[in-house]
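Below is the structure I would like to discuss, written out as structure tokens.
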Amino acid sequence: MAPAHKAQILVEAFPYIRKWHGATVVVKYGGSTRSGDVELKNTLQDIVLMKFVGMRPVVVHGGGKDITRLTEKLGIHSRFVDGLRVTDIPTMEVVEMVLGGKINKELVSTIQQLGGQAVGLSGKDGGMLEATRVKSKTGKDIGYVGKVSKVNTSLLDILDKEQFIPVIAPLGLGKDGKTYNVNADEAAGAIAGALKAEKLVFLTDVPGICKKKEDPKSLCSTIKIKEVVPLIKKGVISGGMIPKVQACLHALKAGVHKTHIIDGTQPHALLLEIFTPEGIGTELIP
Amino acid sequence: MAPAHKAQILVEAFPYIRKWHGATVVVKYGGSTRSGDVELKNTLQDIVLMKFVGMRPVVVHGGGKDITRLTEKLGIHSRFVDGLRVTDIPTMEVVEMVLGGKINKELVSTIQQLGGQAVGLSGKDGGMLEATRVKSKTGKDIGYVGKVSKVNTSLLDILDKEQFIPVIAPLGLGKDGKTYNVNADEAAGAIAGALKAEKLVFLTDVPGICKKKEDPKSLCSTIKIKEVVPLIKKGVISGGMIPKVQACLHALKAGVHKTHIIDGTQPHALLLEIFTPEGIGTELIP
Amino acid sequence: MAPAHKAQILVEAFPYIRKWHGATVVVKYGGSTRSGDVELKNTLQDIVLMKFVGMRPVVVHGGGKDITRLTEKLGIHSRFVDGLRVTDIPTMEVVEMVLGGKINKELVSTIQQLGGQAVGLSGKDGGMLEATRVKSKTGKDIGYVGKVSKVNTSLLDILDKEQFIPVIAPLGLGKDGKTYNVNADEAAGAIAGALKAEKLVFLTDVPGICKKKEDPKSLCSTIKIKEVVPLIKKGVISGGMIPKVQACLHALKAGVHKTHIIDGTQPHALLLEIFTPEGIGTELIP
Amino acid sequence: MAPAHKAQILVEAFPYIRKWHGATVVVKYGGSTRSGDVELKNTLQDIVLMKFVGMRPVVVHGGGKDITRLTEKLGIHSRFVDGLRVTDIPTMEVVEMVLGGKINKELVSTIQQLGGQAVGLSGKDGGMLEATRVKSKTGKDIGYVGKVSKVNTSLLDILDKEQFIPVIAPLGLGKDGKTYNVNADEAAGAIAGALKAEKLVFLTDVPGICKKKEDPKSLCSTIKIKEVVPLIKKGVISGGMIPKVQACLHALKAGVHKTHIIDGTQPHALLLEIFTPEGIGTELIP
Amino acid sequence: MAPAHKAQILVEAFPYIRKWHGATVVVKYGGSTRSGDVELKNTLQDIVLMKFVGMRPVVVHGGGKDITRLTEKLGIHSRFVDGLRVTDIPTMEVVEMVLGGKINKELVSTIQQLGGQAVGLSGKDGGMLEATRVKSKTGKDIGYVGKVSKVNTSLLDILDKEQFIPVIAPLGLGKDGKTYNVNADEAAGAIAGALKAEKLVFLTDVPGICKKKEDPKSLCSTIKIKEVVPLIKKGVISGGMIPKVQACLHALKAGVHKTHIIDGTQPHALLLEIFTPEGIGTELIP
Amino acid sequence: MAPAHKAQILVEAFPYIRKWHGATVVVKYGGSTRSGDVELKNTLQDIVLMKFVGMRPVVVHGGGKDITRLTEKLGIHSRFVDGLRVTDIPTMEVVEMVLGGKINKELVSTIQQLGGQAVGLSGKDGGMLEATRVKSKTGKDIGYVGKVSKVNTSLLDILDKEQFIPVIAPLGLGKDGKTYNVNADEAAGAIAGALKAEKLVFLTDVPGICKKKEDPKSLCSTIKIKEVVPLIKKGVISGGMIPKVQACLHALKAGVHKTHIIDGTQPHALLLEIFTPEGIGTELIP
């Protein structure tokens, strides 16, 4: 590439580096891509680079498929209540081992190899996520499934100020001393809100929010809170996108400046979103 | 109890509280006792109390039985080389899940409930334990088994200065980016040495080092390095006690002031060792 | 004593050590016991231990009998006005020498020998206690007798933050540049109030406040301000207890959290009051 | 440009941003280009961007042509001694007004407009450059021409730590209290040496050092000190390049890590040199 | 002089040294006296001594005559509009060179020789003085003449805290990126106001404000704001005194405690004003 | 006095104020003058002024006559051994009350009234002066007479850094827990040495050291250590001057820069010595 073009990109990017210096960005990384994947490596490299230039990225991850795989291997049969899978003790043990012992540590390993300094945590560490047991719609018990009732950021504050990148598995500790499985999108939103993050970014495998279902041309680059609710009602926003959108709403209310839903399968999506004037995906604002 | 007796114990204990203010104590907790056990609770309560009065406890744990149990459940067959079990990829996955996702997090939960602030870590976090692959005596590969080649304490230093109690699973990161299983006693010794800890304490299920095998009356309250080697040669010190003693020697060389092997099944053994003039178990000194 | 009992007492005491870390406790020590006495030594040892575990004890002392003894030896005849002894210039000189040069320095010596670091002060040092001349009930002059009109804690604040235990003789400096004798109980209350101390403790030679005069069984472990006034009116609280109770009231109004009147002749009364769940003596609360 | 290309450039540049965080870079900017010129603006923008991303740029400038122009306008006739122009009192007054009052302040204005915070200084401010009078080769007086005998960096250290970019006119203060004109290249080298700068960069109007005179294809990208001296002797390095090369040698001896001679007329030459793997111009190393 | 007299003067002066420790004093020094003059040297010595004893002097200077001299030499013809000289581009270039390159640097040289540490600045440095273009009374353009619209003290705050004495030329930077000539008295007042200075002192060549024109016996040692306006209306205060008085009013409103107009031709006028009980000149108070 | 003269004195004094900023000066004040005396007031005012301008004065006092007076009043008969008075228990009690309770507190009162902040201490406070029992020349016991064996300056360091002036009574604490009377000159020298003071000043009632006995014209303004010893041998230096000279020698060896013996009865002798170029009395240097 011609030097003049290179220079131009740096001239464009540097003011963003200044702008975001010291800014906290919570990144929700889905569990669908796996260690060894190029996409995961690209994403984690972006996060390491963000830390390099003085930002404070915080990673929250999920882990659906691996949990299912291990429960099956162990012959644990899932019970369902009101259409929801019940997280009983043996299942919860698997959830904790996979989220906290497998996926979390894989992300840590990869970040370390890319030159970053990662610390793998669960929401139980330092009492970060306090969880309350939730029930099914009809009020039936569905086991160790919780929602975040309180976020204690003191551990994150300390790591943040230093060279460390926190990587968080969405487990919460109940007042009853039990461990609860928390939705990763919700956890990311709650953490971003508590940290008063500059940004909350959801890395998904779709381009963002589209005004017409399955029509990529109708992608919204910016959408306001009040425009979102009708789209949910109409069913345009549905499925796994709903908890993401709700986490965005929650985070915006709690003081997060901007929330983003972007396509994590696009190489270096995070870097482009943050350091170029165009941005990508959908920006959800108040 | 009569107030005069109470007062006397406090009068005795308080100078120790002053003496150990700010002192780092690495505690190796074996994996044989389990969550819910009174002993574990007593031990962790002692650790929380140590933190309360200004000490800096660091916990390192093992986890043998749980690992065996899960590999069996998953039908993973162990291969043996030179009498050593080979830690292949599926086994290593189990090791990591059990140590990092199950036992580590159980200890964290319990400490949190007892009023402490715990942070569960593996040796991979923040690049804490760098590991090198070890071979069998005849030079054969035994898989992902490592020894500690370097300790990076920067993460512990930060947590230590704050209200947090680090709880560490003995996993190391190789320069090859792979995860290695490290002997927990060795990990504890290496960490104590790197932290220049005041004390390294092994909680075991025996009273300490006995000069005559299986004769509790021959318990040494203090033993010097040079007295230890003959006892190993004679077979008086044997089995699981050997890595503990070696970790003590390693830690003493690295600058740890005192090392202790005490009976963790005795209620509040840790507290009595540190805050009373009598002490318990065996103290291994240079 | 059995280790289990020892451990139990430490387990009980340690949370108090944490709770009171950094807390300021003003202790009024009466002048009736003397250097060399076991009681005094016990009390001062408790104060040294409090400092050891991170508290900030401040000692205020009186000195009645020694003053009388020296005035007699010097043949100074006391004049009385409205039943009050007049503190004329020669008497005041004796008061200052005994309080500031004898008792104060004896306490300092003893604390130093017990391993503490004491600094003997009078209320004149650093302008700590500003005093105003008081008159008899009928408005007649009674000499250099003052009441505290202002407390300047800057000197105490500095010593407190360091390793020093301030020991204070109740002398005040008037705006007229004269030295005034101040009631030690009142001085202790005023200092505790100005320091926003956690506790103000009066060490006396009675068990506390009794609801029935001279009936130790009627000892109140806790009493509220509003209950105190009737007891004074009825004469149940009388004599030397009155200035103590008034100093408690004054200190509570000024923001001291709790005030205590305890029996200083009981060994380690202070330690038991502060570090055991039972407490002793009477606690006077708002 | 395709997002992938953009991302790639950022991925390349970010590690440099981390590497140079907090690094001091002394930039010598020649006086040949002028305010309003695109080149000057590009260069100063690069300097502002360097500050944005945490570097500590220090600018030293010259000002030849403007000085000549004003002396002519004022009808000051130059005297020559041994072929050197004599800097008499009227000439020195012009030098100081042009360097300190005109060019220096123009650079300050432009940096301020580009969003930076500049502070225009002369070497007299804070006693930064102490100068000694120099003579002609035959030992004749040539007026107020000085060489740097001492650099006091305390003022620069302070500004550096804050948001300010120092812009320095090459004037020195003699021990005799007189002001001396100092060669700007020499001043830049001396300042870089005293600051133990990471880099010293000369912006010139040629591509760098060529091994064959006037043959741009013979441009050295890296050249060692020992290779330079022969090139000077052979006359390949000549004219205005000589003081630059000598300043580089001086700075390297004083502890500067790298020195560069680059073509300032190439857009954003500075940015490309520092933040891309290729670099441009000639790097002079020990 | 007799030691007793010396002692007496020190006894008088020392409380002022304590009183003014850390106090910011803005000194407006007129451009009428010149480098080499005894008066200038005396004044700058006083300023250096003020810094020695812990005060924070800030110098603002003018420069009228030198500017006129150089414009004449260069044959620049002044145009007049509504009786005001127009500051066109060539004139402004001269103004900047003389103020920023000549007078400012002369003051810096002299302070350095007297043992102080001076930093010569213009109002453009660090964006200190933001200026807005002013027009003639009839609204006609008079060129690059500005009034202060904003003061940014961050650069002064930094220098102030260190050993440096800022010396400021009254040039401002417009939002249009142009440089503006600002009245030095006004600049001094604005800077004093923004710094919340303790004092603003104008060094003039008259004894102060006289109630009767040209009658030194009618000198006011103290005058209130409300008394000043009638004196202006009556023409008693006129000419160059008017901008000084207005700058005083402005500064007092902005929070400066006291303003002074004193005779700078009297040796060590500044020292006597600040460190002796009598004071000299006129003190203008709210 | 003419303003020009005043200005001149300030111009002379201010560089000393700068020079001595932060300097520790230990002043030994004899007990011969008394509270209420003009001389004492002058001296203490000088000390307050020294603190005002940023110096760190430390006062050490004696108290001979008052002690004799009170022992006589109390009918304590002195015993003599080898010509030395024996300090038995009753005498020591008087010594401590007079030094610590009377004279020390009088100095504190006076300093407070003069606007300073004094803290009255004995050498026992904070373990400042550790004393060892001394015997008579023939090895006989002379009671509680000690010499300084160790100085702990931690208390002085703290007070020094703050606004407080320490006033010290020369009492020491033995390792045996007993209080010892220490020669005040010796105490002053030991404290100055331990503090690495800039100056140690003895205020006496003679003009300094004279080379011929009782001939004020032979006053030495400066004298070296090696010149002093012969003068002692010849008996020119004798009596109370000997411990002062010895304390000077001791202090110089310990790192004090200069020691002075001056006439404290001359008004403001201290101020003149420190802040004027002439100085007064005798300066004893290495």
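As written, the chains take the letters A, B, C, D, E and F, and residue 1 is the first residue of each chain.
In the analysis below, contacts are C-beta pairs under 8 Å (C-beta built on N, C-alpha and C of every residue); 3 or more make two chains touch, one makes a residue touch a chain.
Worth saying up front: this structure is predicted, and the values here are computed from it rather than measured.
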| What are the chains that chain B and chain C both touch? | none
| Fewest touch steps from chain C to chain E? | 2
| remark: Outermost chain relative to chain C, judged by CA means, is D
| note | The chain whose C-alpha centroid lies farthest from that of chain E is chain B
| message | Centroid from C-alpha atoms only, then distance chain C to chain F, rounded to Å. What do you get? | response | 34
| query | Whole-Å distance, chain E centre to chain F centre, using C-alpha means? | reply | 48
| field | Mean-CA-position distance for chain F and chain A (Å) | value | 72
| remark: chain A touches at least 2 other chains through residues none
| message | Edges wherever two chains touch, nodes for the chains themselves; is that graph a line, a ring, a star, complete, or other here? | response | ring
| request: Follow the ring of contacts from chain E, passing to chain F on the first step, and record the chains in turn. | output: E, F, C, B, A, D
| remark: So, in the complex, the side of chain D touching chain E is made of residues 73-74, 93, 96-102, 104-105, 108-109, 112-113, 117-122, 124-127, 154-155, 158-159, 162-164, 171, 173, 177, 179
| query | In their shared complex, at which residues does chain F touch chain E? | reply | 1, 3-7, 9-11, 13-15, 17-18, 21, 45, 49, 52-54, 115, 266-268, 271-272, 275-276, 278, 280
